[in-house]
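We call the chains A, B, C and D, going by the order they appear; numbering starts again at 1 in every chain.
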Amino acid sequence: MPSYNAMELMICCAARTLEDRRTLAVGTGVPCAAAMLAQRIHAPNLTIVFESGSVAPQLLTMPISVGDSRTLYHAAMATSMCDIMEFSQRGLIDYTFLGGAQIDVYGNLNSTQIGSDHARPRVRLPGSGGANDLASFCRRILVVTNHDKRRFVERVDFLTTPGYLTGPGAREAAGLPRDTGPYRVITDLAVMGYHPQTKRMQLLTLHPDVTMQRVRDHTGFAIDAVADVGQTPAPTEDELRLLREEVDPLRYLIGR
Amino acid sequence: MPSYNAMELMICCAARTLEDRRTLAVGTGVPCAAAMLAQRIHAPNLTIVFESGSVAPQLLTMPISVGDSRTLYHAAMATSMCDIMEFSQRGLIDYTFLGGAQIDVYGNLNSTQIGSDHARPRVRLPGSGGANDLASFCRRILVVTNHDKRRFVERVDFLTTPGYLTGPGAREAAGLPRDTGPYRVITDLAVMGYHPQTKRMQLLTLHPDVTMQRVRDHTGFAIDAVADVGQTPAPTEDELRLLREEVDPLRYLIGR
Amino acid sequence: MIELSRGLGELFSDPSPDAARLAIAEKSRSLTDKLTTVSDAVSRFVRDGDYLAIGGFGLNRIPTAIVHEILRQGRQNLRFAGHTSTHDFQILVAGNGMGNGRLLAAVDVAYIIGLEMRGLSPHGRRVVESGEIALTEWTNYTLALRFKAAAMGIPFLPARSLLGTDTFTRSAARSIECPFTGEKLALVPALYPDVAAIHVHEADRHGNARFRGMSVADLELARAAKRLIITCERLVPEEEMRRDPTRTTIPYFLVDAVCEVPFGSYPGNMPGEYFSDEVHIRAWLEAENTQETYRDWLRRTIYGTRDFADYLQLCGGLPRLQELRRQDLMLDRGR
Amino acid sequence: MIELSRGLGELFSDPSPDAARLAIAEKSRSLTDKLTTVSDAVSRFVRDGDYLAIGGFGLNRIPTAIVHEILRQGRQNLRFAGHTSTHDFQILVAGNGMGNGRLLAAVDVAYIIGLEMRGLSPHGRRVVESGEIALTEWTNYTLALRFKAAAMGIPFLPARSLLGTDTFTRSAARSIECPFTGEKLALVPALYPDVAAIHVHEADRHGNARFRGMSVADLELARAAKRLIITCERLVPEEEMRRDPTRTTIPYFLVDAVCEVPFGSYPGNMPGEYFSDEVHIRAWLEAENTQETYRDWLRRTIYGTRDFADYLQLCGGLPRLQELRRQDLMLDRGR
């Protein structure tokens, strides 16, 4: 079995969640690497869009910015942010990858501030960017992040980006499109999904050598698990080769 | 003094109302000829737009359709109908020329139907097209039409396109932009404007050899006149030469 | 936010974005080969009772072959968006009042029957005045705006048009007081057509499309429709579209069928390619004068032709089209 | 139509389209020569207290020279639209907390302080955490949508974003029940900036402009702003723009000043021209670590340079720019 690091495993897990023949709004970094890897393995017909306006590029090199020239490489269309966001609002974009400084049990994300005073936050973060929009519009929200207690919190300091909000029915009650919501959280410890009824985050698979207790120790809220928690399959040789040679040859991500 | 026909006079009158360095949404026919003539005489910097999407063409030949290739000749931009209409709604288009089967004392226009039953009209006409929109958005509405009693009516059968509606303050009360409204009506008999307070149509100048009585006989409502009704200046030699040689050499309009 | 009034017109389609999302949930987002014939595209994607919308403006850049085929295949009870719809409406309305049932059941009207400076369609007038088509009134902008709302995936858009007129009263718009400014506004409901057809200069087999000149309301329409048929003057390879993505304005995932139809806007105008055939249109309007002459005309031009190439041949073939190209290039000022 | 709730955030600009129409009533619609210098454009069109918006996205296709000059000329109390505003915000916020008064007084935030994968701006954080800038929260889409509402000449647009979040609570949006469908929606107020600056590939002296690649929110912004400064990589003759009007996306009557600024997006990326200078940006972020090092950095790069050409020279001149072009063309996969 080949050796690999946590980042490589996370990217492979993220890639595997993406079905072929679907559309995906990505940012830079892990999401982009995951999409590029998925296209090279099982999803050649996965379409990438970037919120700045690129549609269906055939990425050669990982972009540094969501709007840089690299996002446009061999693209089918270069358009506007409103167009991309409205394709999403219209229901044409299946997946999106998002991140944040905090995530709670319902998949709500905070990328605005740490601390509760909006005028004088303890730490000011960049804000929503396009996250709130894509999380409102896309059918399945994916999060890839490191797993620690300061990040997986009982209650986000600021609800920047909607997950299941306060639980079952809350997205619909708020007016968000009916067919949307959090889908997977992929960390350096495990893969999580959401309980179909309670909409609470739940453990699906543990990464090799990770115990349930270790996940619980690193999660700031009580986390359930499906009945048959499995083990995350390790990256295959094919996945690692493509990731290392074609997706991230300069080790921007996997060298971290 | 050169001889001319009624159509030539109407086009010259229409051209003269257009100030230089302004923008104008036109249709085909007389409005287009007037704009082309104005550009060749006193308004070289008059910008034409067509609602189908052409901006600032340097028209060589009169278009047949508001969206045909001719409207695009040497244009500065080809864009969408929404873009043109929204430039207008935004306040960037100064003039528009409109027509209709009926016009009333407040400059309201009907291009939808003759008769009052909407489900079974006596005569069905095309409908608003872009007229209602342009009349709502543009700063000054111009009408060029033949002058007869069936056309100049007390009350339009169907108010397709807003003039001053029911009189002073009515446009503003309806929610139309504050700086808009009917400006001139140019016919084969006279040039009319609107009373600044009452907003009723009023006679400004009579064409050569036309009496006030004749205008009244051909108008289906009581029409006032400014104190000093003048005579419309006849077309100049320059106007006629440019109109006949450059604007309408095939006599599409002026041969009617 | 106060609702002030509402138009009395019937709303012929569902403005709900959630319903529209549901309808496209399983639409392919894949780069598959969508090349097909006009006849196949119409038979698979245009259904009885559909809400139909046609791209272009007047006689300019219209997908004539698709409109012919809808008439030829005898679709019934369509609802239709009549936004400066001249020759396309003229063809479709030949499916009413000619003993072939009722092709058009309801029309959202901005501009129909008229052919701009060319006059009114006699048959179109007869049918519409008979009252057999339900009509709701709009304007060119507000009907385009209804597509735009659908393209954006929302249920309505505001405008400062329609206000104070009978056009509003006979529309299905509402008026409100703006919650931010207190200004009065009209709200127009989103229009999500079941199917639309758009003619462009160039497309690839997946449906990526681009055109020259005015886009009219076609970019909005392409994004609003649940199913979309593209006809194009010329197929181009995928690599050609990807060489300059700035020029692509309709992406493949909106498109269900691609048909190459050279001279596909004839007898209409195609910017930079050929001008409208005014002689043909005059003859068409003339033929509409009586039911008998019109029946003969339609038998000869539509029902009696196998396909669009056959129709072009009937109308003078390449020599006539070359003459129209000469007009479009404005050699001799377009004479 | 029922209003359900409203955000607590402050609205930093007037969403009334009638007010905006009044502001542009006498704006020139004429084909006049608008060519000028960056310094003149800023001194004439950017005023203390203005609401400012900058085109592009992140470090991509940004009018860097204009932003430098605003800092250099010491404008005060600007309001600003922070929509994935990375290097432009970074430059502007150097006018706060450095002993030169307060350049930024209020910011509509979608994304500020961060430079995407490059990390956060230390000085930006210090200033924003000090509380001296009033903040209202939005998202990339809803801020673009606020420009779009203004571009359309209406007071608001609806969206299905923001709903249910603290971002809504700290915005100045409202939520309503749709009068057509009963669905809940957010309404965002129009944003009519006093002045905007946009960088493009090509423009003519009258202001007709076009660019390659993503338009981000620039077409909306160009139409929303009351005054507009265009910087371009290359001036082209008017005839070149009229040769292919389909490519023009900003028409001259929106534009107040045109400045030719080759490499004008540096250290940002210009699609098809040059990639971002990551070395320079890293050095910039490093310099922000303390007030002292930052003061030196700004003195050297902005206050100590005469103009943008001088700044480019300082940063390595043409050889460095050619290296960045090589990266942008993705020779050797962009290494």
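Simple rule for what comes next: contacts are C-beta pairs under 8 Å (C-beta built on N, C-alpha and C of every residue); 3 or more make two chains touch, one makes a residue touch a chain.
Just so it is clear, the structure is predicted and the values come from calculations on it, not from any experiment.
> When chain D is withheld from the analysis and all other chains remain in place, what is the resulting partition into connected groups?
Taking chain D away leaves a single connected set, one piece.
> How many Å are there between the centre of chain A and the centre of chain C, using C-alpha atoms for each centre?
From the centre of chain A to the centre of chain C is 40 Å.
> Using the average of all C-alpha atoms in each chain as its centre, how far is it in Å between chain C and chain D?
38
> From the mean C-alpha coordinate of chain A to that of chain B, what's the distance rounded to whole Å?
Their C-alpha centroids are separated by 57 Å.
> Where in chain D do residues touch two or more of the other chains?
17-18, 153-154, 159-160, 183, 185, 212-213, 245-246 - these are the residues of chain D that touch more than one other chain.
> If a residue has to touch 2 or more other chains to count, which residues of chain B qualify?
Residue numbers touching two or more other chains: 54, 72, 78-79, 82, 89, 137, 177.
> What graph shape do the protein chains here make by touch: line, ring, star, complete or other?
Contact pattern: none of line, ring, star or complete.
> Can you name every chain pair that touches?
In this structure, the chains touch in these pairs: A-C, A-D, B-C, B-D, C-D.
> Going by the contact rule at the top, pick out the chain C residues touching chain B in the complex.
Within the complex, chain C touches chain B at residues 56-61, 82, 84, 86, 109-114, 116-118, 120, 125, 128-129, 131, 135, 137-142, 144-145, 148, 159-167, 170, 175, 183-186, 212-220, 269-272, 275-276, 278, 328, 330, 333-335.
> Where on chain D does chain B make contact in their complex?
Result: residues 17-18, 20-22, 24-25, 27-32, 150-154, 206, 208, 223, 241-242, 245-246, 248-249, 251-254 of chain D touch chain B.
> Show which residues of chain A lie in contact with chain D when the two form their complex.
The contact residues of chain A facing chain D are 28-29, 50-54, 60-61, 64-73, 78-82, 85, 89, 108, 112, 118-133, 136-137, 158-162, 165, 170-171, 173-177, 249-250.
> Going by the contact rule at the top, pick out the chain B residues touching chain D in the complex.
Result: residues 20-23, 45, 47, 54-56, 58, 72, 74-79, 82-83, 86-92, 94, 137, 177-179 of chain B touch chain D.
> For the complex, which residues does chain C have touching chain D?
For this pair, the touching residues of chain C are 1-3, 11, 15-18, 153-160, 174, 176, 178-181, 183, 185, 187, 189-190, 211-213, 245-247.
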